[in-house]
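Going in written order, the chains are labelled A, B, C, D, E and F, and every chain counts its residues from 1.
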């Protein structure tokens, strides 16, 4: 790719762990990156503009969508949080993004869904993108909601969505589960790039993992994206195994795709403590 | 069934079109029916208690769930409505119901989902309960959300849910589409009764139609409910056809399960007019 | 159904075994039946007009399609025949019919396909309408061709087709195979009526059998037609079994849906004898 | 059916609960019933001959298979038993039957498999005959073995088998599970009759239940047998429910097809007590 | 492969774009290549013989099939053409080839089917070889016909066929669609070689594409061919994208596998202009 | 992997062709290998202990299971053998192993199942691990039995099993079938290692082949094992093809996965000669 394909891409959650990587990784794709987050965004580059705003702020979100060619929607609560926060940032916030896209004529949204939208399925079930939702918490529930929102906006309003069910995107695998769930930052960039540039996506769901040895899901239904991971958790295996005990295959957190999320209690109970 | 199976059943949306029928139809199943709606409930019977409350009122909903054996959740926005109303009544309200059920130890919820959760699928696709969500509006989107909510509360908290994707439940078929989508009031009662009394449901999705001649979906995945419709739209066919024109098979509202919902614009645009 | 739904229906093969039945059976559906066959049509009724013509006569077929609302295409070689005859009557002839429909704006075609389009599948495979073609002779091959032709004319030109894979439609079951393959004349009429009047068919394939006890295929993918057979081969069982030997379950003609067609040699070899 | 279809049918387990019913029910199908069991068979009829023998007695079994047209193999351990008994009666014994069939040229075997061959599947999974084996004990394990044995003898030696996965065949439903698992004696006879007389079965697996309201499995893959149950557990529902408590939907014995078999410990442990 | 596997291979369409490549690529597989086309074949090599003939010439085709070990059937109308031409060259012509193969005892045919046999399926549907035919024109319709013809000749006459649904085989990718549909000439040779030499094919359908990044179909059902593409359209991406505009994902020609063929009108209309 | 993951692994059949390879290959995984076979085990290493015993010796097997972390069960009749031998070594013997595992609290068993458990499926059917059993002899039948035994011990007793359906594991491909069925010894070691170390297997079935060009089955349902073959039969192709004739694609031994096993008669007949 020599010339940028897009004039302006909007990135939500741009100050987050993945948002920060995407700023670097997506820069070649667009002349301009419009960034937004609820907190300040560091190290702004010449090709970037930054806008601090809450996703729950409908007017702000609509304004941010004006004039963009594509939206990379990685904002919202980044983990299991109390209901009110999930509701406002992820559910209402994502609605504001899609409404912004609709009103501004944006053609494609790439959304950071999550393994936690299907966290109660088991590894040996080898699910694919047509398997039913099985969220493992309020966080995952909000991811299901936004996937359905994307489906609606494609069927009714012709806005394409790629929902990326990201497994575990961290600098390196931090525990034994990440030996199969890890998505390297570079592969995350490859995945978002593929989702932005594939010729036709309609509404497509793709799992997001690196080329790890153990593969717990079947991603063939997203082969039209052209995503080809190039990293693997294998180089980290010895280290991870040396510092963590062998897992119990019967523990819910080992049998389920969602890992320890399935062991979490209700976040409102936690918040009430 | 000679003796009531339940002590108390909570019915939400009890003043609505279907809620009113369920009061009559479910009476033999429980010693007591606890009714709630946002508006007054007429003709209260000795076996009933009525509670006017908004679903969005969390404390009220929690109180209503105390001491009930099962919840028949038919409340929420009854059709396509602006986002804020859908969000508050259907999304937030249903969350309050499930939280109420969880805190009060209620074991089963029967939920009025809708054909509009899968409205963009076509008749000739003959989908079943495992086919992906394809909502046809904000109303359907909220139905998808509550189905996923029920799935979560089963997987994580052990509360069973039957999500009934009701097609068109009216006194009689009002148009040509209802010749295949109609659910008679008596069959609706049979369906809710089956969902309440089946020995094991886990999380089950069932389509809700009478035994009409044209069958546009495959309901075999709900055969463990023991629902057997006994009514049919056929006796109404001649009348309906006499007063309505032949449909155009290529019109979206004819090809899609959701009918004319797929032709609706965005409800917020409508509301803004 | 009190009033005719159609003004004019064109029936091809109208002098044939089934065409003769359809004249009687479809009469209530249309004000006028336009009949065509390569041979004379007996006992013309006031609501009928007859036109002797070869399907291979393109100009004649186009003229016959003018001004009709639906086509019931039952013409063409009625059994295994030499290639040139199959090619001219069934392949070229059916092309003429679809071209006639396209030029005249006819909206729906009901086509007499056959079990012989899938004759090499076995009973215990319980195939459905999505299973691949497996023709058992040139006759079946031409049926596959016309099914694909109908699929093309739906996808490209918006003409709906119901392809009826008729098993064995005779006055009564004549052999042991027909105890499961029989389609009574009355059920054949019900099936064509359903195919003509279903609200939406797109391109639909339906198997055509009566409500026989042994059911060798799964017809659920055509449930939107609203076809409900009311006859059965069972009353004929004792008679058939008394006069025919028990079949060998390992004989190809017993194991395959196509029956004795799978034992036939090549018709051109037969013709050359 | 006026004349018997078979000269001689061999029934194993003929003194058992179901064997006794089959003697009566299958009498019209054959001129002669050859009966065998390990215990004495009461009330021998003129059309019957009785042979006391162990299934583990290879020579006896081979002799019994000589000159029979079909075998109805209902013998073997009738419930969870210690390994040695299961091994000898069900595994070795069934091998003797199939070897007897092979050497004597018997063309079809109808085998009493069991729900316990797939007992760990859940009701809401709505499995069909292609779903993998999931035995719930040694009894079920032996049923899986004999199904595979039948598959082998069909593929390799051309002997047809219908494996009937009988759920609960008793005089009447004895507990709440039997409200969905019950197979009446008359329906059991209908099922075996269908399996014996269907024109082509190859190797077919059929679930065996009456026409109960709650249907926990999908039997469509056996539709070529022509089995149509005519009884139902519904008339017994009120009585059963009155004398048994409501089940806990989360109990393994309620969620699994195998019922209380899944709660059993290892039979060898029990035997050692 | 050191020694030729075949004595003589017949190649139809040998003067065409792909036929020319196959002459070179298949030379190591056979001692002799018998070539045929309707036009003159240039640069004849010592291992080749050339025969100018129309596929519609039955006698010529039969003579050409005498004494060959395998047929690589790439002849027939190479694109959308008027009906009479498609009928004569592709439908009648292919029938002549299969009849020739049958009479001469040829054991395997490798047929150049096309993406246009399934052109109306969409990229995101990720179809496989069992998905139904959806031709996108008369050209694709004739490909469907020949696939069914091959299926018949396998089931009935034991002649194996591999139908290769070639996507876009050109010297290099010429437009954006070819970035996913391209089949390099070398990969085309690999594919035909695999189809000729696989130990067992029965009737197998394989998609024909290079190892491009975006993969719009699932070819796993042809894994027994042993085809492993080694080329990719990626090196051509920058050039293609620089000289062609971004596609509209909602345009039929972008959403459908068949590309711009789905936008074509009826070829007879075109011819009539 | 730097440190051994296991203290002690039990290997049955340790003197056999594959057992010998596994002793070498699994050495890095465990501090100690406990070996057993019915015959003497050569070249014992310091990390090994050897125990000569019959699998049919229940007490011996139970003792051997004491104190081991995992069992690699490769013992039992290694090919088609008379019934009594299959029964005693493979069926009874494997039962003893699983009972030993249960009593000793062993957590995982890796079992050498075989292609012969599914030998009657055809290459072009591209079966996966959920396809039904189709054993091709008594040997394969015993493999089916032990798979079901493993399934039971997982569902009921929580012992994980990986059943490896090994195709042809020999020093090098010996015939044309092995060009697709070959599993190199090194890949066999990789496969067993993956099965022992995968984080979660429950009950998993995996096919066992090297990365050969022709792939006759679909192994995607075992992707959570992390098995990645690194060898291929291709380097042996020229040699094998030079010394063996071309196969007949219609021969049962060519069309079926089980190869020449499907041509074998009954082993008891052979033994009786």
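Just so we're on the same page, contacts are C-beta pairs under 8 Å (C-beta built on N, C-alpha and C of every residue); 3 or more make two chains touch, one makes a residue touch a chain.
Heads up on the chains, UniProt names are A, B, C, D, E, F = NAD-dependent epimerase/dehydratase family protein.
The model shown is predicted, which means the values in this text are computed figures rather than measured ones.
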| item | value |
| --- | --- |
| Common touching chains of chain F and chain D | none |
| Rotational angle, Cα trace of chain A fitted to chain F, multiple of 5° | 120 |
| B-C or C-E - the one linked by more C-beta pairs in contact | C-E |
| Self-contact between copies chain C and chain D, residue sets same or different by half | different |
| Intercentroid distance (Cα basis), chain E paired with chain D, Å | 52 |
| Inter-chain centre distance, chain B versus chain D - centres from mean C-alpha coordinates, in Å | 41 |
| Shared-contact residues (touching 2 or more other chains) in chain E | 220 |
| Set of all touching chain pairs, with the criterion as stated earlier | A-B, A-E, A-F, B-C, B-D, C-D, C-E, D-F, E-F |
| Chain B-touching residues of chain C, taken from the complex the two chains share | 1-3, 5, 107-108, 158, 160, 198-204, 220-221, 223-226, 228 |
| Chain F partner contacts - residues on chain D that touch it in the complex | 83, 87, 91-92, 95, 99, 102, 120, 130-138, 140-141, 144-145, 148-149, 151-152, 155-157, 262, 266, 268 |
| Complex interface listing, chain A residues touching chain F | 122-124, 126, 176-177, 179-180, 212-216, 218, 220, 237-238, 241-242, 246-247, 249-250, 254-255 |
